[in-house]
Every structure is written in C-alpha cells, then in structure tokens.
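Two complexes follow with chain A in common, the first pairing it with chain B and the second with chain C.
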Partner chain A sequence: MFKQSLINRFKDILGEDNVLTSKEDLLSYSFDSTPDFESIVPELVVMPESTEQVSEVVKIANEKEINIIPRGAGTNLCGGTIPVENSIVVVLTKMNKILEIDEENLTVTVEAGVITQAINEAVEARELFFPPDPGTVAVSTIGGNIAECAGGLRGLKYGVTKDYVMGVEVVLPTGKVINAGGKTVKNVTGYDLPSLYSGSEGTLGIITQATLKLLPLPDTKKSMMAIFDKLDGAAETISSIIRNKVIPVTLEIMDQVTIQSVEEFANIGLPTEAAAILLIEVDGIEEVVERDAKKVVKICKENGAREVKLAKNEEERFEIWEARRASLSALGRMRPTTILEDATVPRSNIPDMIRGVNKIAEKYDLHIGTFGHAGDGNLHPTILADERNEEEMKRVHKAVEEIFDLALGLDGTLSGEHGIGIAKAKYMTKELGEDGLQALRDIKFSLDPKGILNPHKVIGAGDNE
Partner chain B sequence: MSNKILAEIEEEAANCMKCGLCRKICPIFDELENEATVARGKVNLIQNVIEGNIELTDKYEKLMELCLLCKACVDNCPVGIEVDKMVFKAREHLAKEKGLSWMKKGIFSFVKNKGLFPLGMKLGATFQGLAFCKNKGSQQGNNIRVGIGMDPNRVLPDLAKEPFRDRYPEIVKLNNSAGRVAFFTGCSINYMQPDFGESVVNVLLENDIEVVIPKEQHCCGLAIGSYGDIEKSRELAEHNLDVFSKYDVDAVVTACASCGSTLKEEYEEWLDDDSFSSKVYDISEYLVDVIDFDREDLGKLRRKVTYHDPCHLVRGMKVSEQPREIMKSIPGLYFEDMKKPDRCCGAAGTFNIKNYDLSMKINRHKIDDIKQTGAGTVATGCAGCKIQITDGLNQAGMSQEVVHTVQLLDEAYQKRREEREEEEVKVIS
Partner chain C sequence: MFKQSLINRFKDILGEDNVLTSKEDLLSYSFDSTPDFESIVPELVVMPESTEQVSEVVKIANEKEINIIPRGAGTNLCGGTIPVENSIVVVLTKMNKILEIDEENLTVTVEAGVITQAINEAVEARELFFPPDPGTVAVSTIGGNIAECAGGLRGLKYGVTKDYVMGVEVVLPTGKVINAGGKTVKNVTGYDLPSLYSGSEGTLGIITQATLKLLPLPDTKKSMMAIFDKLDGAAETISSIIRNKVIPVTLEIMDQVTIQSVEEFANIGLPTEAAAILLIEVDGIEEVVERDAKKVVKICKENGAREVKLAKNEEERFEIWEARRASLSALGRMRPTTILEDATVPRSNIPDMIRGVNKIAEKYDLHIGTFGHAGDGNLHPTILADERNEEEMKRVHKAVEEIFDLALGLDGTLSGEHGIGIAKAKYMTKELGEDGLQALRDIKFSLDPKGILNPHKVIGAGDNE
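Our next item is the complex of A and B:
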C-alpha cells in the first residue's frame, strides 16, 4: 500500500479523478486480454492527460523506485499489461487527440492514446489510409500498436506498424522527454529510435506521441474465397500467387478444424469436409485489380481448388469475409479458454506448420484450430481448453512449447505480432540464444538502469544483472 | 452458499475471453473511460465476488448500477456473452444480500400495488401543478418545481388527467374484424403517453383488427427486476399472465420497447414458460410481419423523419426494419437514418433518475446525431426514449417533435380520410 502522502503527490499532478485507488478499480486493471495468467493488482492506476503529466509521474516513480506498467486498451495477448509487484498502471487513453493531418507530407501526428480506427476515420475523409489493422483496430490504441508492433490482415502487402512509425515522442524511464525521427522520409541522424520503440512493449519508456506515415486510399478491391480438398493445394496456391507477382492485401487461411467450428457456430454453408479455405483480397487501381483477381482465380483452380467464389459486390464481399470474422468467435464459443498463439514461419513452410500443429493436437489430445495470415506466414493456432482444469492446462502448456519448437525448426519465430510480454519471455533463448537475450538486456538497462519500466516483460524475470 | 444466485452465471462468466472488444460500444465506458465500467470489467468484478476477493461494497454496488442494460456489448461480443443478464443477476444478488434501499422498497411496493398505484398516479395528475411548472424551453412539458432529487431543468411530460386505459372500453369492438389482439399498454403509455396508445388503437382498427385492452393488466416488472427485486417482478408476471389468458386473442401487442422485450424475453425466464412470450409482438412488427398493414389508404405527410432504435426493440425484440418500413411506406415522408440510430439514448428506465448527469452526457451524442440529419421529426418506439430525447432536445434548444412510429402511420391514415372527404366535396360541388 502506498502512503497517503505519495498518493496525494500523484493527485496534485493529475487531479483527483485521474488517480484510481479503490480496490474495485485496481482489480479492473489487474488483467488484460491474455488468457491463463494470474492477475496482479497494482497499487495505483493513473490516467495522465498530457506528456508533462506522464513525465512528472515517471519522475516520482523513478525517485521512489516504483514499477510502471504503461497501458493502452489492454488488449494485448502476451500479458504485457499485467502488473507486477509495487506498480502503478499508467493508462494512456485520455491522451487521445489527433494533432495534425499533413496531406503534403502524407503524415498524421497523434497522441499515444488515440484509438487506431479513429485515425483511419479521420484520414479516410481525405482519401488516405493507415494500413496496419489488428483485429482490435476499433478498440486498441496506437501507442499499444506501436509498442507491440501490431500486424493484422493487411501485413502481406502493406507491412506492419513499425513500417509506418516515422517519429516518436517518448518519456524516458528518468522522466525526460525526447523526440526522435519526424516527417522526413529520409533520416539517418543517429540510431533509428522510432524503430527501437516499435515493439518495445513498454519496457524502454512511454510513447506519448507519434508521427505516422499515410498512404493514398486504394481505388478499389476484390475478394475471393477458394476451397481446397487438399492442404497442399492451398499451400501451393499461396506460393504460386506470389511467384506470379501478385501481392494480395490479404491472404488468409482457415484449416479444417476452424472451418468445422465456424460452420457449427455460424451455419454459413462452409464445406466441412474441405481441408482448407483461402480468403484473398487484392486492391489497387481498377484495371490492375481486375487483372490480379483473374490471375488469382486461375492459380487457385490450377492448384486443385474445388470452388472459387469471386465477390461481385460489397454484399458478397461481406459474406466472404464473414467466415474469417466468425473464426475467433466460433472457436471462442466452444470452450471457456481460448489461447491464441502466433508462431510464424516463412510462407513456404505453412503446410508443414499446419500439419505439425495437427500432430501436436493429436499427441496432447487437444482441440486446436489454425487460421491466420497465411500470406505472411503468421498463423494463429488457437487452443481451446478450460483454465480451471489443471490436468488439461498441463497438456496445453506442453503443446504450446512444442508449437514454438516446431516454428523455430521451420525457420520461424516465436511471435509474429502478439509480442513476448510475460507469456513467451521464458522461450526467448530458444530463438535468440543467451548472448542474443543479453544484448536485449543491455539495451534495456542502459535506458532504464533501475528497471522500473514494465519489468520482467520481454527479457524475463531475474533479469537485473 | 450465499452466492447461489451468482453460481448460475459462473459458467457464462468463465466464457468471457476478456478480449476487450466491448470497449468499442459501451456508452457508459465511452463517458467514464474506466475499465471497471465496461462489460469485461464488470464480468471480472462479478468473478471476484464469486471467488470472495471483494465484498459487496458500495462501490461495487454503484458499478453494477452503472449499466444501461442496452445490450450493445452482447450484440458486439465475439462469443455472445450475455452481460446484461449477468448484471441483472449481480443486482438480484446485491438486493438479496444487502437489501434494497428504503426508497426503492417504497417505490417498488407502490408500483406493485394494483390498487394504490393507479390511484396515486391519478392524484399525481390532479396535483402535478404543485410540483411542476411549465417548461419555457424549446420543447413542451414540465420542469420540476420542488426538490424531489431531480434536476430542475429537466422536462417531463404531463401525467395524463385521464389514464389511457380509462379512455376506452375493455374491448374495442369491430363488426367484421380480420383479427383480434390484446394491447399491453405498460405504465408509461397509460399514465404519460396516452397519445401513443390512441394511435395504436387507431391503426389497428384501420386494419380491421379488434383491440382488447385488459383493465386488470399491471406494470411489466422490468424496472423492479432490473434493480434486483426479482420476486416482485415474478409476481407481476404471473398476474399479467393470468389477466391476458382470459381473452381469446391472436396476439399480444406492445408499443413500448421495454415492456415488449420484458414480456418476450424475461417472462419466458421468470415464468419458465414461453406460451405467453411467443404471442408478444411489437406493434410495428405486428403490422408489417403479421398482418401486412394497409398501404393503400395513406395520405401524404411532408416531413423529414429520422428514427431512434430503442435498445429493447433493436437488440431485445430484434425489431428494426419494421418501423423503417412503415415510415418509408408513407407518401411524402422523407426518411433519413442518423449515423448511430441504435446507440442508447441514456434513458435506460430508471437509470436516468439516479444518474441524471451521466445519462444526459450519453444522450448528448444522440442529440448531435439527430441534428446532423436535419430531420424535423424523430420517431421511436419506446416511451422512455421519447421522454429522454425530448429532454435532451430541450436542453440543446432544439424543437424537433418526438413521436412514436405508429403516430405517423395514424396521421397518414387520417390524412387520407381528409383527402377523400375533400375529393367528395369537390365531386358534389
């Protein structure tokens, strides 16, 4: 428990309403979207409204060696915002102003707590768009997206959040405020700090503002759904599309377990005996979209697609994507606990990955549906279980570890977009080795010598040497 | 176990993934920005009560009170968690463990009392001049003169001098009827919006449907149930079931979304029987889906109209197309949807009495949305929403009229009759 005099210092800076102290409020910030983790109650929750306030809060925390948990919407899937002992949660959602849309330099400058969809709504009116679109785009904050380097459905063609971060304002663990990067396309003045803060998961400082790159809104788009009786056919299609120089915006896969779950849940007429479904969207100027769509349909058929549906209008497009939208819902409805992994492999290894996951599911007698961003190799094997069943959870944990080994064996990575947080910290050396992890620790502690910013996340506990 | 009531929802709570997508649509969270007020936060708190981590504190009680039961989270939830039902249960549990406040107890007993309530409301209508003064703002209605814990700028409608049900015989007979329905009026229509009720009767008669308005019907029980007194609600439900089963009718129609969805959804649960619920239709649903109302005899209404979807109609009874279809069938009427027609107006039954400032902040979005459309008329399907929106318009200095959808239909039928009379006069002269 903090002394009242300390709490009052925070209240003086932030105002009474922006400091939460009741047990009910604190419990509400003891968890995030991550399943299967013990929640930990913070000592205090604060909601700053300006960079100055963030800086003052961090200065006190630094002085008193209090841990800081930066938090946006709390929708991450790696336990990134679950508090640690002796911590305050700094919620950024009240810093939600869009500061400037610069149509000449194609940038938007925003405060960290802006909801990403709000950015898109604001710039779309000027025929611009901000491509990264995680499934939580309507609720998650740009600060959280940057700190996790969020991806989403458009990664294949447009990349991920870090590809759009041109400048950041950061409150360092000492409370000092720095600005790095800016509106210029070219900038090599010093280390690339905007990139360092992308995917930093709140461990290196608090991002308070960002300048982001925008693109002109594509004229038009076309969606297709292809149904395959053989997994290899779907896999070969993915490679073949890219080989034929078509880069779809979105290229998603749903495996049989997912198809069956969706059909059971939503009843939208999916063939439950199919091995895989690909959902593909191409965008750009009309002529190119027409040409690419034709090419894709042809490639699907050449590779044994039993059926290819091409959406003729917005309504049909909506129907096609219904299946994908329903995936998480359908799987989530089947069992109380839904563990969404995101081990990622080079796209050429997707079939081996899916097959491997199925074997693991069989071995541990678990229900695992795999869907995800096939085009960029970012799959979401989704394990369904019940947190309250200890024996089952043991099998789940073993399966998760094997999924990581499988991905790494296929030249992949532990996480494509969901981040490491506390959920995957213990597997870091599997991918980076001891020396690699130590390099991360060295970066962390040179910026945050007291280790107060989001401790134990990414680099693990027992990390102070 | 004292948590028997909560045990019923433990499994549903476990199904909540805490994904946080509810943050997008909760009107209360939108204003307060506190994770404790959003659906997943409430589920978490209820789980903490079940696990014994927190007591039934005043703060917890307040947080459970901060729910509009608007079902927006239920609709948006990827796994369809019924958070409104969970809040209902949490309130029931609180009422059982902590008791109801003396004020709620008093009001609920008054409402439940079948003799005293009508009498009180009539006395209220006679003496309302003492408590109210005429509103001088852009909307008609009254402000509250004496402090009874309500904001003095708030506009409320007159209490009807003659309640709706006193204005009609119990059976409004027709010679050659095409059908027969019973009309569940609810308290708001009976005592505050008898004009809604009159239009319901008029349009039904126009369509050759005989109307039964059982005198013995009583409050649906939603207001009481939503604050935790399920026992009293259940008694009311049983009473209404008895009353309505005396009449041989094709359907039971409602014109107030809250009553309608209570009869349709909650009664099934409270009475553990769906024979009554399955007969209940919202008036617009009945007109469009059941009898395919007469679209020939509609006169012109030159008016731009927008529509507010009451939560209990769009997400409760799943009725949203039908009122729009009625309006679009009226010649001359220009319909334009607002941006978020199904966003809660903040009324939420009695929520707006205890949390007036918050409810008006929520309402502000609705008023802005209405303004954007440039419509001069706002139609809706719930008396509570009408009162709340009228109040909001008044505070914004806006003079749009707020009506029930069937009032427009009623007017269009009347217009046609007038047009026809004029035509006849012309022919004769």
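Our next item is the complex of A and C:
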C-alpha cells in the first residue's frame, strides 16, 4: 500500500479522477487478455491525459523505485500488461487524440491511446489506408499495437505495425521525453529508435505519441474461398501463388479441426470433411485485382481445390470471411480455456508446421485447432483446455514448448505478432541464445538501470548483469 | 605500431595474405569517400573470410582495447569508415558469397561483403527484385548498405535498406556471434535487432550475414521528364501526384544550377533557362503503368510544365535518366571539392527547402546545386568548393550548418540516407536533443562498454557517462 502522501502527489499531477485506488478498480487492472496467468493487483492505476503527466508520474516512480506497467486496452495475449509487485499501471486510453492527418506527406500523428480502428476510419474517410489490422483492431490502442508490434491479416502484402511507425515520442524510464524519427520517408540520424520501440513491449519507455505512415486506399478488392481435401494441396497452393508473383493482401488457412468447430458453432455450410480451407483476398486497381483473382482461382484448381468460391459482391465477400472471423470464438466456446499461440515459420514450412502440431495434439491428447495467416507463415495453433484441470494444463504446457521447438526447428520464431511478455520470456534463449538475450538485457538496463519499466517482460526475470 | 607478436596472432587467424601491414596498404584505408576530413592511418588492415575469423579478430581487439573500423567498399559520405588512433580496419569484401536465394519465401541470404549490384543481378535472373538502390550500388557492399541504411532513387515507393533486412548475423564488440530475425515476415521475439543494426554504422557490432526480403520484379516501367519554368510548378506537381494516389518508384528533381552544370558538361540538350526538371518513373503491371503515366503527364501539364517527354522505349528511357546520372559528376567537375549533403524534409516542404538553400548559397557566396529524391524529400544540396581554400571552406561549413537548421526547421532530418558518421555527429543534439543523444550513447556503451567499435561515429566523441 502506498502512503497517502504519495498518492496525493499523483493526484496533484493527474487530478483526483485520474488516480484509481479502489479495490475494484485495482482488481480490473490486475490481468489482461492472457489466460493461465496469476493476476497481481497493482498499488495504483493512473490515467494521464498528457505526455507531461506521464513524464511526471515516471519521475516519481523512478525516484521511489516503483514499477510502471504501461497499458492500453489490455488485449495482448502474452501477459504483456500483467502487473508485478509494487507497481503502478499507467493506462493511456485518455490520451486518445488524432493530432493530424497529413495528406501531402501521407502520415497521421496520434496519441498513444487512440483506438486503432478510429485511425482506420479517420484516414479512410480521406481515401487513405493504415494497413496493420490485428484481430483486436476495434478495441486495442495504437500505443499497445506499436508496443507489441501487432500484425494481423494483411502482413503478407503490407507488413506489420513497425513498418508504419515513422516517428515516436517516448517517455524514458527517467521521465525524460525524447522524439525520434518524424515525417520523412528517409531518416538515418542515429539508431532507429522508432523501430526499437516498436515491439519493445513497454520495457524501454512509454510511447506517448507516434507518426504513422499511410498508403493510398486500394481501389478495390476481391475475396475467394478454396476448399481442399488434402492439406498438401492447400500448402502447395500457398507456395504457388507467391511463385506466380501474386502477393495477396490476405491468405488465411483453417485446418479441419477449426472448420469443424466453426461449422458446429455457426452452421454456415462449411464442408466438415475438408482437410483445409484457404481464404484469399487480393486488392489494388480493378484490372490488377481481376487478373490476380483469376490467377489465384486457376492455381487453387491446379492444386486440387475441390471448389473455389469467388465473391461477386460485398455481401458474398462478407460471407466468405464469416468463417474466418468465427474461428477463434468457435474454438473458444468448446472448452473453458483457449491458449492461442502464434509461433511462426517461413511460409514454405507451413505444411510441416501444421502436420507437426497435429502430431503434438495426438501425443498429448489435446484438442488443437490451427488457423491463421498462412501467407506470412504466422499460424495460430489454438489449444482448447480447462485451466482448472492441473493435469491437463501440464500437458498443455508441454505441448506449447514442443510447438515452439517445432517452429524453431523449421527456421521460425516463438512469436509472430503476439509478443513475448511474461508468457514466452522463459523460452527466449531457445531462439536468441544466451548471448542474444544478454544483448537485449544490456539494451534494456542501459535505458532503464533501475528496471522499473514493465519488469520481467521480454527479457525475463534475470537481474541486471 | 603493433608488436610483431600481436601481428602474428592475427596472421595465425587470418592467414598471411589477409593481414595488411605495408605503409601503402595502410594508407589506402586511411580515408573513405568523404571529402574534407583528415585521414588517420590504421595500425593494421585485416580481410577476414568467415564470421569465425571476424569473431576471433574482435576478441583480440576487445582484450587489447584496440579500436575496430568495420568497412565494406568505403563509399560512404559521412566519414563512417575513417579510422581513429590505435585501430584495425576490418574489410569485409572477401566475405562475398550469396548463400541462398529462397524463391518460396522471397528471401536472399548473403555475406556482408557481397556487392549490392551482384545481389540485384542474381535475384533479377529469377524475376525477383531487391529494391534498395543507392547511387553506389555497383561498388558498395550490402554490409555497408545495411550499416548506413542506404537509400537511393526508389525510396518513395519501396523504402530504404532497413525495410528489407529480415535477419542479421552480428559479431558483437565482445567477439560473440548472435543471430536475430530470419525468414519469417512476422517476428516479435525480442527487440528488433535487425532494425537496430540497420543504420548503426558499425558502432554496435559487425554485420557478417543478412537475410533480405525480395519482391516480385515489376512487369514493366515507364519514365518521364517534365520541364518547369517555375519552381512552384514543379513542387506543386510533386504534391499533386501523391494526392492523386500515384506512388512513383522514382520522383527526382534537378534545380537550375544542376541543369546548367549538366548541360555544360554533357551537352544533351537540357533547357538551361528552366527553373527545374522532374524525372519520374512508374512501375507495375502494364495496365497500371499506362494509367499512372497518363495521370502523371496530365498533372505535370496542369501545373505548368512547359514540356513533358514520355519515353517510348528503353533507349528513350536511358536518355531521360542520362541527365540525372550526370548530375553529381557534372557538378563535381566544376570545382575540386564536392560536398554532397542529404538533409531531408517531408516532401511537402521541398519548395521551401530549395528556396532556403538558394538563399544560403547567396548569403555565403557559394555555388550550390540541388538535385535529388524529391518524392521522398531527400534532397542533395551539393556545395562546390576547394578544400585548399581555407576562407571558402569556413563559408562552406557555415552554409552546411545552416542547411541542417533549415531542414530541421522544416520538420526534416540531418541525414536521409548518407548517415551521420563523424561528419554530422556534432550536429546530433540539434535533432535529438541531449536526452535523445544520451539514449543512443546508453545503447552504444551497453553493447560496447570499452567503446572499441567504430569510435566517435554517430554518437560523437563523448565518453561513456
């Protein structure tokens, strides 16, 4: 418990209403969207309305060695915003202004707490386009998206959040405020701090503002669904589309377990005996989209697609994507606990990855549905379990570790888009080695010598040196 | 002078031929392509053939606190590879193997010493495309391009080198070897080291290998030249093209001083009374290129272009680009010393930037031609002088500083693509402030506590704390 005098210092900075101290309020910020982690109640929750306020809060925390947990909407799946002992949660949702849309330079400048969909809507009204599109786009904040380097369905063609972060304003662990990058397409003045802070998960500073790159909104798009009796056919289709120089915006896969769950849940007429479904969308100008869609349909059929549905209008397009949208909730309703992983492999290794996950499911007698962003190799093996069943959860943890080993053995990575947080921190040396992890720790503690910013996330609980 | 016993240790690691000790050899590595800097002769030059050799060399340097200057072809313009006292130049040009072109995953994996054009040629043979295209592409190495985050003519549409670096192998200042990133499009496992090392100018480690992203080779391209009597017309054209949602590959500008120099030098029929020329290229599939080219021609004319030449074939395309290719050499031959800057502004501020540079030229009675990548705001004000004339060089230095202030005042950056090196290190706080520069220093010395890797570059000569 903080002393009242300390709490008053925060109230002086932030105003009475922006400092939460009630048990109920603190409890609401003791967890995030990550299942299977013990919640820890923070000492205080503050809701700053300006960079200056963030800076003042961090200065006090630094002085008193209080831990800071920066947080947006708390939608992350890696335990990235779960508090630690002696911590203040700094919630940025009140810093929610879109500061400028610059149509000449194709940039938008925003405060960290803006909901990402609000950015999409604001720029689309001017026929511009902010491509990163995580599943939580309607609720998650841009600051959280940058901190976790959120991905989404458009990664194959358009990349991920970091590819759109041109400039950042950051409150350092000392409370000092720095700016790096900006509105120029080219900038090599010093190390690339906008990229370093993208995906830094709140461990190196608090992102308070960002300048983001925009693209012209594509003229049109076209969606397809292809149904395969054999997994190999679907896999070969993915490779063949790329080899034929078509880069779809979105190229999603659903395996049989996922198809069956969705059908049982949503009853939308999916073929439950199919081995895999591919969902594909191409975008661009009319002529290109027509040409690419035709190519894709042809490639699907050449590789044994039993059926290819091409959406003729927006309504049909919506229907095609219904299946994908329903995947997570359909899988999620089968059991009380849904563990959604995002181990990622080079796209050519997707068939081996899916087969390997199926073997792991069999070995540990678990129900695992796999769906996700096949085009960029970012699959979501989804383990269905019950966290109250200790014995089952032990099998889950073993399976998760084997999924990571499988992905790394296939030249992949622990996490494509969900982040490391505390959930995956203990696996870091598997990918980076002791020396690689030490390099990250060196960077972390050089900027945050007291280790007060989002402790234990990314780099684990190891001390400074 | 190193003791013979120490030199022998290097010879044991690298072989006799890969350790250069003669005065002539050492002298050749005492400078790079940067004018107006005092050369410092290194103690030794080594040419490793493998990552292991680089690692062993760095281990000895670390043990003995000898400075290491990593170097590719030495084409940089920021003094990025000029030695310091007590240093070994590590030349990576013998590590020149293209290790793998992966057509399924659209990646190429290379050693650091491969010449960038060799990568272009190898991947284009498979109808793939590595977009970064610095002016030195035919001689510079990919390791150098990554270390400086080289830009080039295609930045507007395709970005810069860092946008294509998916994975790196790095020898740390301790000699330890780490790998980060890889072949997956999405990777959020730890801080983004591939981006941090892109543009780190050899100060945080030696990049020995990289995995680079490739794109499908565009089907076709089309080039245009538009001649303007008024600078404002050219400037308005640039903005209007982007506003009309055309993103050219290349959108270059040459101002009157440059036009006149090129014409005097090359005699290719340029209109010497024109205020500015724009050179524009669009690429993509046939239909898009046709549509975009028509749009661009129309926009040029609407904004007062006196004439627009559209290349009808490869020969005419070559002719159009002749003027741009000749710009630097034409300006360069007018005076003994060419100071090529790359201060960069948001593209909407280009007219103000060009006008401002002209005023500075007048104020200091200097000849400054401006050309460059108007589409991405990366201009090259080129000051023509004689470094033997001390009084003139004083004016040059004052003008350079004012050009930086001008760019920063227009929301720009000190360097768009040439890097900071030692040439611009003293101006860093102008852009990043003391706190921003300190953050870079903290990162630098966390990874390189003895400060042996390319000392004084980027962060200046300030000590660790």
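FYI, the second predicted complex is superposed on the first by the 465 of 465 C-alpha atoms of A that agree within 3 Å, B and C clash if a C-alpha of one lies under 4 Å from a C-alpha of the other, contacts with A are read in each partner's own complex, and residues count from 1 in each chain.
Please note the rule applied: a residue touches a chain if its C-beta (ideal position, glycine included) is under 8 Å from a C-beta of that chain, and two chains touch if they have at least 3 such contacts.
Please read all numbers here as calculations on a predicted model, not as lab measurements.
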Chain B versus chain C as contact partner of A:Gly199, first or second or both or neither: second
Touching partner for A:Thr344 - first (chain B), second (chain C), both, neither: second
Which of chain B and chain C A:Ala73 touches, first, second, both or neither: first
Contacts of A:Lys359 with chain B and chain C, given as first, second, both or neither: neither
Which superposed partner A:Lys298 touches (first chain B, second chain C, both, neither): neither
Partner chain A, residues of chain C touching it in the complex: 102-107, 127, 148-149, 151, 155-156, 159-160, 162-163, 172, 176-180, 182-193, 195-196, 198-200, 204, 215-217, 239, 242-243, 245, 247, 284-285, 287-288, 291, 344-348, 373, 376-378, 411-420, 424, 428, 431-433, 435-437, 439-440, 442-443, 445-447, 458-459
Sites on chain B touched by chain A in the complex: 11, 14-15, 17-21, 23-24, 33-36, 41, 44-45, 48, 53-54, 57, 59-60, 63, 78-80
In the complex with chain B, residue positions of chain A that touch it: 20, 22-25, 27-29, 31-33, 35, 47, 73-75, 93-94, 136, 138-139, 328-329, 332-333, 336, 338, 386-388
